[in-house]
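Take a look at the structures below.
Below are two complexes that have subunit A in common, paired first with subunit B and then with subunit C.
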Partner chain A sequence: MDILTKNWDKIDPLRIDSYTRTGGYGALRKAIREMDPEKVVAEIKMSGLRGRGGAGFPTGEKWGMAAKTPAKEKYFICNLDESEPGVHKDRAIAEKNPHQIIEGILIGAAAVGAKKAFIYINGNYQKQKEILEIALEQAREKELVGKSVMGSAFKVEIVIFEGAGAYICGEETALLSSIEGKRGEPRLKPPYPPVAGLFGKPTIVNNAETLANIPFIIKQGAKTFSQIGSSASPGTKLFVLEGAVRNRGIHEAPLGITAQELIYNSLYGGGMASGKEFWFAQIGGASGRLAPAGKLDQSLSYGPGEFPLGCGSILVVDKSADIKDLLFSWADFFHRESCGKCLPCREGTYRLWEIAKRIKNNDVSKRDKENIEEILWTLSNTTFCPLGNFAAVAWKDAMRMFSDKIFN
Partner chain B sequence: MSLQKILLNFEPRPENLLAVLKKTQKENKYIGKKECEVIADYFSLPLARVYSFASFFDGIRTKKDDKKIIKICSGGPCLSENSKKVARQIEMFLGVEVGNDIHSKYRLEYMSCLGLCDRGPIVEIEGNIFERVKPETVDDILKNYL
Partner chain C sequence: MRIKINNKSYDANPGDTILSVCKRNGIRLPTLCAHPDLLPSEGVCRMCLVETNQSNGLVSSCTQKISDGLEVKTETENVNRARKINLELLWADHAGKCASCKRNGRCELQDLAKKYDIDEFKFVPRKNELKSGDELDLLKNNWKHTVFEEKNSCISRDSQYCIECRRCIRICRDMQTVEAYGMNYRSSETNVGTPFEIPLDCIFCGQCSAVCPTAAITEKDDVTDFEKALADPKKMVIVQTAPSVRFTLGEEFGEAPGTFWEGKLVAALKKLGCDKVFDTVLGADLTILEEAHELIQRVKNKGPFPMFTSCCPSWILYAEKYWPEFIPNLSSCKSPQQMLAPLVKTYYAEREKINPDQIVSVSIMPCTSKKYEAQRKEINGSEYQDVDIVLTVRELARLLRKKKIDPRALKEKKFDPALGISTGAGILFAQSGGVMEAALRTAVEKITGERLGKVEFEMVRGESGARCAEIEVGGLKLRVAVVHEIRNAKNLLEEIKNGKSDYHFVEVMACPNGCIGGGGQPVPTGPAVRKARIAGVMARDKKMPLRKSHENPVLKKIYREFLGHPGSEKAEELLHTKYINRSKK
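Up next, the complex of A and B:
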């Protein structure tokens, strides 16, 4: 069942007609003409859609919170900051079917009563930004964005906000700060953005993939959607397969699928690349856990589980890889991306990175070994935002599973 | 384009601050104290706020830097496409180690994933991005740009 990728490569992303011909903006019409905002929120709640940005928060509940909060101004933000190593699914949606995201934003903005929306895009995604700009321009011409959407009383403006290379700005409150012209440091929650977000106003932040699901749900109904995928988290997901697998890249699959199937089924990964022997898989980007062969049979969905799905990328590592290189890769990323607001993460990621260099050069000391445990504990338990926890996830698994290879 | 002219294209609202910095950097290569002062004035913000904002982002430079900058992605997916060998080759060609800022003309650094993981290894030279770089081809790429 394809929801997100159905028309990829069939439609021309630069021509809005090409999207409307496949029924595009029909869901917006239905949401505006046939449903009231409460009905739209109720429908999304009923669908069971959960956010695809990593945390898996129920989208309908989030919208309901913002819709209920009285305010003259509200904001709606599409999070397209995507900068987790190994993840490029949102880039693909923007590139292949930009109107799917825009339609999702419009339906969401109408449902919560937001008159201004932002698409917060990763600063490296220049080509995708241009595609979205063209798409927005065409949507304005067709009066789908602007003073009177489809001739109704609903008015909304959508602008693109370009990031400048900071992973932490994908975290929703850091994202809001950076739009406000402040350092992209996370804020204390609560208040949650749907209650007090951008400039203190109720704000929805949704991942681009989450929003791309909205038109389908409104058009086909919550019931149809909720029957796809797993009951705890319905729908499909864009999985990104990287590393030593035959078919690398993006694969749409129902939630609840196992990593085993994603990697080995010919519909998806198609097995290991020739000559490569499976060692372990990292599930959920650089902040994901490591799964050995015996654990690939667990189902991947949002909800309780041993291997959180995160943003849905899977790095398949084969036996020729050197775990020391990977430890460095993870530490290098998180030490650069730590925002510096809290000490345990700022110092912890830095020290871990220094130790990673020594591990790589085979001159790790006894003190280093002792310190690793302490640093990982501190990162997991005392940091201000989840980035600090993320930095420790893969390292903890690696220490447990491969310490003989790390300290040989 | 002068900074004054750039500013005229933007309303002095906080949500335009990052866009102004990016545009200024494009013209000016970096955003120094002088630029920060003019921008702070235009947005009616304290200078410290503008400077601390500008210095936060990897994509904004707050110091003049005449060195040519070469970056290589340190992400896991690029690693599995042999970025390690590419890094070794660049180190040999330039005669400087990654992260070791001692060369008078070049600076070689690791960078975070650019989301081009399906086309790795990724190397960036003076803002130009190269995909699927191989140890055998990297010398030619470097010769063209340095």
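Up next, the complex of A and C:
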């Protein structure tokens, strides 16, 4: 079942006609002409769609909160700041079918009553930014964006806002600060963005992939959508397979699928790359947990589970890899990307990185070993935002599973 | 609402945080980023974590609002583990050169480290690499991002001691609206600094140094110069002490805030070897006479109104930098420090036949900005630099401790009478509203020609950030306002500019509650501490035999023998100054 990738490589992302010919902007027309905003929110709620950025928050509920909050101004933001190492699904959507995102934004903005929308794009995505700019220009010409969308009373402007590539700015409140011209740092919650977000106004921040699902739901109905995937988290997901797998790259699969199937089914990963022997898989990006071969049969979906799906990336690690390199790469990434706001993350990621260097150089002391445990504990339990916790996830698994290889 | 903390039930108000309930009930929680002047807290230091029945895991008590049925545990295994590891991480991010540190014994991080037994070092301190500020060029090639600044005469910064609690950023932004500081760089290189690490460009109020938990931001240290002057037999060291200092110095030696320590202060200064100790309160009385005269002149000349007080150098600098259009509204009167000082080097020196060249004029101030004020070129009235050295209360206390002088053990002494007789009006300068009240006591009598029945002007007293009153004076309805903290001054200026307010006379103090909340006062500070200090000031005013500036007998004598009358040519030359447009626009 393809929802997101259906027309990839069939349509020309630089030409809006190519999108409309496949039924594009039909959902927007339906949402504006045949449905009222409450109906749209209800439909999304009913669909069971959950945020694809990683947290898996029900999208309809989020919209409902913002729609309910009375305010003169509201904002709608598409989060395209994708910066998890090895993840590039949002980039692909922007590149291959930009109007799908724009249509999602327009439906969302209409549903919650936002007159201004932003696409917050990772500063490294220059090509995709240009594609989106062209797409927006064409949508404006067709009066899909602007003072009167499809001749209706609904008006909306969409602005592309370029981030500077900080990982933390993918966190919704840090993203808001970044747009406001402040330092990209997470804010205290509550208030949650749907109540008081950008410039203190009700704001929706949705991941680009989440929004790309919206046209399908509106057009085909929540019921159709909710029958795809798992009952707790319906729909399909863009999985990014990386590492020692035969077919690397983006694969769309229904939620609830197991990692086993994703890696070995010829529809998706097609098994291990030749000559490689499976060791473990990291599920959900650099902040994801490590799954050994025996755990690959767990279904991947949003909601409670041993292996949080996160943004949907799977790094397949084979036995030729050196765990010390991986440890260093994780620690290096989170040390570099800590925003520096709270103490345990700022200092904890630094000390972990320091120790990772020593592990790599086989120069690790007894004190280091004790400290690792304390640092991982404080990162997991005391940081201001989830980034600190993320920094410890893979390390904790690695310490438990491979300590003999780490301290040999 | 009632909540449970450690199985005991407590009253709480909606809107309370866990920390505020704990503080009210004497339950100690370690805090570093939280400060009573900086509410709501931002929860960045993660020291005050607790466990509750309403969340999984730990929550920061300074940000967690209370709710019905809340049960808090402040001393669980996890809470203690979090405190200890986070404190160790923080300690290793700090220079930890306690023995040579200005804030040794008065450092919040040091206190916590002691309390939670950080004696075994888990991590190698990472800021020790820097040896001195001389090695750094701030603008270039400073990849370590360590900031060391002593480029101005008021505030010193040394980021080796910085623990990134952000109090300075918040007080400068939220209370003073100056926004001199911000965070620079990211991750472990995150550093408090100025934009592009330009030298500090602010109003030098020093509130950042008063809230800094460590020695990362401190008053610029002028103790050495003072010691040098004391040791020089050719020099005559003449000291003046600000009105508020006698109410706060005691805190440095364990006394309660507001304890009246005038005699101890004078005794301690004499013990240090100061030749003469004069009272800045006399300067304050002088300011009142000149300022009342100026106000009356403005009433006669119909403006320009409002007339703003000019005692607070940070306020003056703020006006010069951000609101130059109001420069004509600033009273031309110098501050009490700068009124007394030229008299020392002219009137007093002439009378006592001292070569002014030999005089080292020192002032003990609650204020970091006074250091800057003394350096203003246009401020000098005598042919010399009127004030040579300015020490804050903290510096004086540090020197006394270093010299092993404990004022508690000293017999109280009196100011030298030549320039040491003062009134209650001058004492009031110590706090917000005081200049106004002192000025009214004089101005009303001067305008009406009648004796005031009641000298208190309660309508200008209080702790609110902006107060106003209308006073009938001989047919004139005098509209006055009192503001403290720059945020309130800014609001008022905007109102005046937009024609929404219309006053004759406005008192502005940059620091919270005026000088008793000054940037150079003892730490810790906060609303409760300042309230106690104010109570001390008020009680002293009541006890003074003379409570109106124009009744000061020494002043009468000085006018008679030397100055002539308020606003005379001599007074203009010595006691009035001019202001400079320092706006960058």
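One rule holds in what follows: the second predicted complex is superposed on the first by the 408 of 408 C-alpha atoms of A that agree within 3 Å, B and C clash if a C-alpha of one lies under 4 Å from a C-alpha of the other, contacts with A are read in each partner's own complex, and residues count from 1 in each chain.
The rule we apply is simple: contacts are C-beta pairs under 8 Å (C-beta built on N, C-alpha and C of every residue); 3 or more make two chains touch, one makes a residue touch a chain.
Because the structure is a prediction, the values reported are computed rather than measured.
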- Message: Contacts for A:341 in the overlay, against subunit B (first) and subunit C (second): which applies, first, second, both or neither?
- Response: second
- Comparing subunit B and subunit C in the superposed model, the one touching more of subunit A is B
- Task: Considering only the touch criterion stated at the top, classify A:349 as touching first (subunit B), second (subunit C), both, or neither.
- Result: second
- Message: Just checking: does A:382 make contact with subunit B only, subunit C only, both, or neither of them? Give me first, second, both or neither.
- Response: second
- Message: On the A-aligned overlay, A:324 touches which partner chain: subunit B = first, subunit C = second, or both, or neither?
- Response: neither
- Query: Who does A:129 touch here: subunit B (first), subunit C (second), both, or neither?
  - Reply: neither
- Message: With both complexes superposed on chain A, which partner does A:332 reach: first (subunit B), second (subunit C), both or neither?
- Response: first
- Query: Looking at the overlay, does A:371 come into contact with subunit B only (first), subunit C only (second), both, or neither?
  - Reply: second
- Task: Return first, second, both or neither, reflecting whether A:188 touches subunit B, subunit C, both chains, or no partner chain.
- Result: second
- Task: Once the structures are superposed on A, label A:166 by its partner contacts, choosing first (subunit B), second (subunit C), both or neither.
- Result: both
- Overlap of the subunit B and subunit C interfaces on subunit A comprises residues 166, 183, 336-337, 339
- Enumerate the contact residues on subunit B facing subunit A in the complex. 14-19, 21-22, 43, 45, 49, 52-53, 56-60, 74-77, 79-80, 84, 110-118
- Item | Of all residues in subunit A, those that touch subunit B in their complex | 82-88, 91, 122-125, 161-167, 178-184, 240, 242-244, 248-249, 282, 286, 315, 317-318, 321, 325-326, 328-330, 332-333, 336-337, 339
- Spell out the part of subunit A that touches subunit C in their complex, as residue ranges. 166, 183, 185, 188, 335-344, 346-351, 367, 370-371, 374-375, 377-378, 381-384
- Note on the structure: subunit C contacts subunit A in the complex at 42-47, 49, 57-58, 60, 63, 78, 81-82, 85-86, 89-90, 92-93, 122-123, 126, 163-164, 182-183, 185-190
